[in-house]
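My questions will all concern the structure given below.
Should a chain be cited, it is by its letter among A, B, C, D, E and F, assigned in written order, with residues numbered from 1 in that chain.
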Amino acid sequence: MDKTIYVINPNCLVEVTRGLKASLAPFEWNAGPRIECMTLRDGPPGIQTEQHVESAALLVGRLVADLEQTRGDQVGAYVIACFSDPGLYLARDQTRKPVLGIQECGLLTAMSLGQRVGVIAILKTLMNRHARAYAAAGIASRIAGELPLSLGVAELQDEGTTRARLLEVGRRLRDEYGSEVLVLGCAGMPQYRAWLEDQLAVPVVDPTMAAVAMALGRVLDAG
Amino acid sequence: MDKTIYVINPNCLVEVTRGLKASLAPFEWNAGPRIECMTLRDGPPGIQTEQHVESAALLVGRLVADLEQTRGDQVGAYVIACFSDPGLYLARDQTRKPVLGIQECGLLTAMSLGQRVGVIAILKTLMNRHARAYAAAGIASRIAGELPLSLGVAELQDEGTTRARLLEVGRRLRDEYGSEVLVLGCAGMPQYRAWLEDQLAVPVVDPTMAAVAMALGRVLDAG
Amino acid sequence: MDKTIYVINPNCLVEVTRGLKASLAPFEWNAGPRIECMTLRDGPPGIQTEQHVESAALLVGRLVADLEQTRGDQVGAYVIACFSDPGLYLARDQTRKPVLGIQECGLLTAMSLGQRVGVIAILKTLMNRHARAYAAAGIASRIAGELPLSLGVAELQDEGTTRARLLEVGRRLRDEYGSEVLVLGCAGMPQYRAWLEDQLAVPVVDPTMAAVAMALGRVLDAG
Amino acid sequence: MDKTIYVINPNCLVEVTRGLKASLAPFEWNAGPRIECMTLRDGPPGIQTEQHVESAALLVGRLVADLEQTRGDQVGAYVIACFSDPGLYLARDQTRKPVLGIQECGLLTAMSLGQRVGVIAILKTLMNRHARAYAAAGIASRIAGELPLSLGVAELQDEGTTRARLLEVGRRLRDEYGSEVLVLGCAGMPQYRAWLEDQLAVPVVDPTMAAVAMALGRVLDAG
Amino acid sequence: MDKTIYVINPNCLVEVTRGLKASLAPFEWNAGPRIECMTLRDGPPGIQTEQHVESAALLVGRLVADLEQTRGDQVGAYVIACFSDPGLYLARDQTRKPVLGIQECGLLTAMSLGQRVGVIAILKTLMNRHARAYAAAGIASRIAGELPLSLGVAELQDEGTTRARLLEVGRRLRDEYGSEVLVLGCAGMPQYRAWLEDQLAVPVVDPTMAAVAMALGRVLDAG
Amino acid sequence: MDKTIYVINPNCLVEVTRGLKASLAPFEWNAGPRIECMTLRDGPPGIQTEQHVESAALLVGRLVADLEQTRGDQVGAYVIACFSDPGLYLARDQTRKPVLGIQECGLLTAMSLGQRVGVIAILKTLMNRHARAYAAAGIASRIAGELPLSLGVAELQDEGTTRARLLEVGRRLRDEYGSEVLVLGCAGMPQYRAWLEDQLAVPVVDPTMAAVAMALGRVLDAG
């Protein structure tokens, strides 16, 4: 298979891209589609405000347009690896290949695993944007609740703090909001997924893995 | 990877299972999860009525319970490969592993590719059931329309007739109903997907491929 | 009037059927439709899981098909007397006469008495199924909440325990969830309806009585 | 049984009340609740505009308040027999007994008989009001469509004209709008129900009969 | 500009009308539309029950019909200045000019300022009516919550008590219900708007000012 | 009054800004708030694609941030005068003053004038974006339909062609889609509003006038 799935990290943090690459290793095999993870070099250093989203959006759009021109033949699909899906519709205007957003795919995948979906956001700042997206997608009735970890960049780098908050917030979403499945509302946490699922005994979805699996499905089925 | 994805064809037609197996070939690789397609030997000869769905449901539930007991360790996920998702909730009661229905996954995958989803059903008989399922899943606002091919078993075996009807119905869903993406409402048509997509210039989703991709995502991400 | 309303108890507990028959006595008079309560002899001993629902469904479908053949002329309507409405759509495929489910009729009747409806379930196990049914019926916005009594079979036979829990759960639905009308989520509790209504000062609906009244309406109006 | 169901015709046309009384004959028996049909002597001569609805509303409210005072002990339930449900909420403020509107009950009863409900209105003038009521009741997703007969008072008295239009409009609702069950959107047509049902082979609901059946259920179950 | 916006206070309290007039002073200028505030002399002394609403409705309808006849040429728009919007649809039947209800306009204006809207009602008595109106308008998903001040007429005249309750209820709507914008659910509180907005740091909408601004827009744009 | 309402035209066409300024003349008076119309000099030459919207969004956000810094004291409100509401949420992050989008305000104003709203778009290209916005705002049930004029820039400058298409599309929205009120889906057509309203005999809303009226209401009521 000579097709590539482009996973675009729309912030400029190379470590996030590296983490995605590591987590996606099981999704690649010799004869399968390649998975290429890219960093948006001019992107914002994390996407935490509308300003970040909008500036990333334009860059994502431009990158997809560029890739179409330079490597169009080998593109199988695009994945935008940020939970705000920046530039999703703009990118779709640049290509007829599938452009998948990890928010959208993370939620749709969760909906295949349970009726009531809880979302763990990083910060409160973009939760209104998320809510509008859920309503725009017509899936708001499936969202049991969304709660923020409320952790800054430094705290997120402390694994112990992060685990403690994930547990706390995940438990509330499960027990108080009745969530039957949880979604990690961020591209930077694949390493916690399996652990959190074990702890809470409900399925936990990493949105990037969900999106790449759906991209894989499209590419493999296209022959 | 020592995990298997069990794809259950809930009717007794071995040819359908064989078709699924062939179509799923690209989804298997040496180090990846195995994909095993099973026929429900006592299942109905096609699932076209509520009676078929209900009788298949019980058998699907029993099969999943059996597999859990006999091969529980190696099960990665279950896929119920019939567009009525017979026994979906019953099967979920037998296991904590993912049980995916192809109707649900086909629609959720389509929702990642376009706003307005059109569904091509085989017959009118189960369209009411489908509509109830869309509403129960809270996704009815995304369904642009559903139209039946209205082809009997014999006619479905005639490839020319089938292609002609697929084109006709697909075009109406695209042009009159405004569908931006189509779903094949049946497990038995993977061979027409790419062709129909080419003809109509909108994405066409085969629901079984969609469900197996989502199952693959869960199994690969579970490590 | 030579018509009969068949009230099918889809579990095998003859006492439940007997209780229904007693409660329905006021609904019968000399010149009116007969009401015949039937027990599903091969049915499950109570309907508490998806497995129970699915196995009852097939039997309900078969019974309705049989009654159509053997007593078709005298059938006025069918009532499926279990709050999961097992086999509702399957039964409707067997006949053109009205087939009413007590969940559906209990809720619709409650909706004629108040805006926000609370449901008292027996166990938590089937509450997800109920929620899907409310959404499928497009009436989810009218459900203020659903809470389980969480009583086992033995406890349910203790009248004191049952009354205490009915009061406790009913009060929460009224005061915390804002329910203006309550539905008993079970066929086996007609004897508590009037008492609970008196205690809580909101209308309480017994779903079987509600369904039989609606069946009566159809039969009487058909002349 | 010493209870009475008061069926209030909120217009001043005695013939309409008489027609209701005749149609309700099968709903009465010796030991059962009495059914008393009342004409709102000061009511408008038909309810075709918002002005009619509002003026009837006040009178319905006053009548219910009066009946509560003068015959409170014997009242079992009230039925407001006009498809605009004038004064429904006002009347409910005057009493703790059930006050049922025929629009509400007609639609809820139809929802127990099929998924997609078609409504046959008399005139277009109040269809906007109906639509707001369906949305307020949270049942708009079940309405397949509503079409007016567009017949004036004189034309409605011509039985041939009325039958022709009922057939024409009912067929459109069934065939073009996909209605599986129809509701007569008027209190004055019980005599056409069975005939129209026969002609169109889908259930047809007379809203007054539906409401009285639901009232009967409440009164009988109250013991 | 020779047009007048008629602001109808549908209760008989001249002080309320006087308060509206004072608050609306900034909305008038020499060359602009006149704003005339009218008291419904025969209206109820406050609108706190369905009975009040319905009796005001008829009077509002009649007043609009009268104004159309006597001053039709100079009418620019009508505003019904009571949060129950009594007679809104009846009045619209009397004229082709805009008839705006302050509930509707207050909520729509709030929706332009934030996603989740909280409503401060005076009493609990009409909150069910409000809820039905929100659903009928298809905007229920935007309502974060509605809470009553639960203050009687006498208490409302005590400014200290009123401020204390406004703060208390406003805070709950903001903090517990997540309201991003608040609406005063009453025509009689324009003097508290700016103060409450300052205290709570979320936009607070006075519904009459909102409706008059929208009326002004229609009149000015009509030339 | 020393406050200014800033009306931002997010494209670079000075003529459009000039047209807005002319149409807004009746909204200004000596003692009232000033209305300043600004052109986004670096903005795209018209907003017809996602690319245009996204690039305008960033510029709108920056302009609002600048105005806050340089003229913060005198700002009363901001109006984004493009039917895609580019940068609406980004701008709201820069200020606590009201930021109104003309799409949002145009639709909300239309909702105060009729139940079913029709939208006249310029081109089909952004109609999907509009539909997502309506759903995100929870008002999709009020949209009767949206149809494009499908006129290019040159054709739009031909007044005869534009009028002919406005009439044609407006009539279809009124007669086939049942729209009771229409919204011009573009900032550049205020001169056609009154004429189209006369022709079609349903209210027609210019979205910029609607937004400025709502901005005026906020500024005047703030004292």
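In this text, a contact is a pair of C-beta atoms (placed from the backbone, for glycine too) under 8 Å apart; a residue touches a chain by one contact, two chains touch by 3 or more.
Just so it is clear, the structure is predicted and the values come from calculations on it, not from any experiment.
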Seminar exercise, completed: The chains touching both chain B and chain F are A, D
Seminar exercise, completed: If CA atoms of chain C are superposed on chain D, the rotation in degrees (nearest 5) amounts to 180
For this session: Could you give the separation in Å between the centres of chain B and chain C, each centre being the mean of its C-alpha atoms?
Result: 33
Problem set entry | Chain centre separation (chain C, chain E; CA means) in Å | 44
For this session: List the centre-to-centre spacing of chain E and chain F in whole Å, with centres computed as mean CA coordinates.
Result: 25
Problem set entry | Contacts with two or more other chains, residues of chain D listed in rising order | 128, 132, 135, 137-138, 140-141
For this session: All pairs of touching chains, please: list them by chain label.
Result: A-B, A-C, A-E, A-F, B-C, B-D, B-F, C-D, C-E, D-E, D-F, E-F
Exercise. Which residues of chain C touch chain E in the complex?
Worked result: 115, 141, 180
Problem set entry | chain E contact footprint on chain A (complex, rising order) | 128, 131-132, 135, 140
Problem set entry | Residue ranges of chain D in contact with chain E within the complex | 49-51, 54-55, 57-58, 61, 87, 89-90, 92-93, 128-129, 132-133, 135-138
Exercise. What residues on chain E touch chain F, complex-wise?
Worked result: 1, 23, 26-27, 29-32, 98, 100-101, 104-105, 108-109, 111-113, 137-142, 190, 193-194, 203, 206, 209-214, 216-218, 220-223
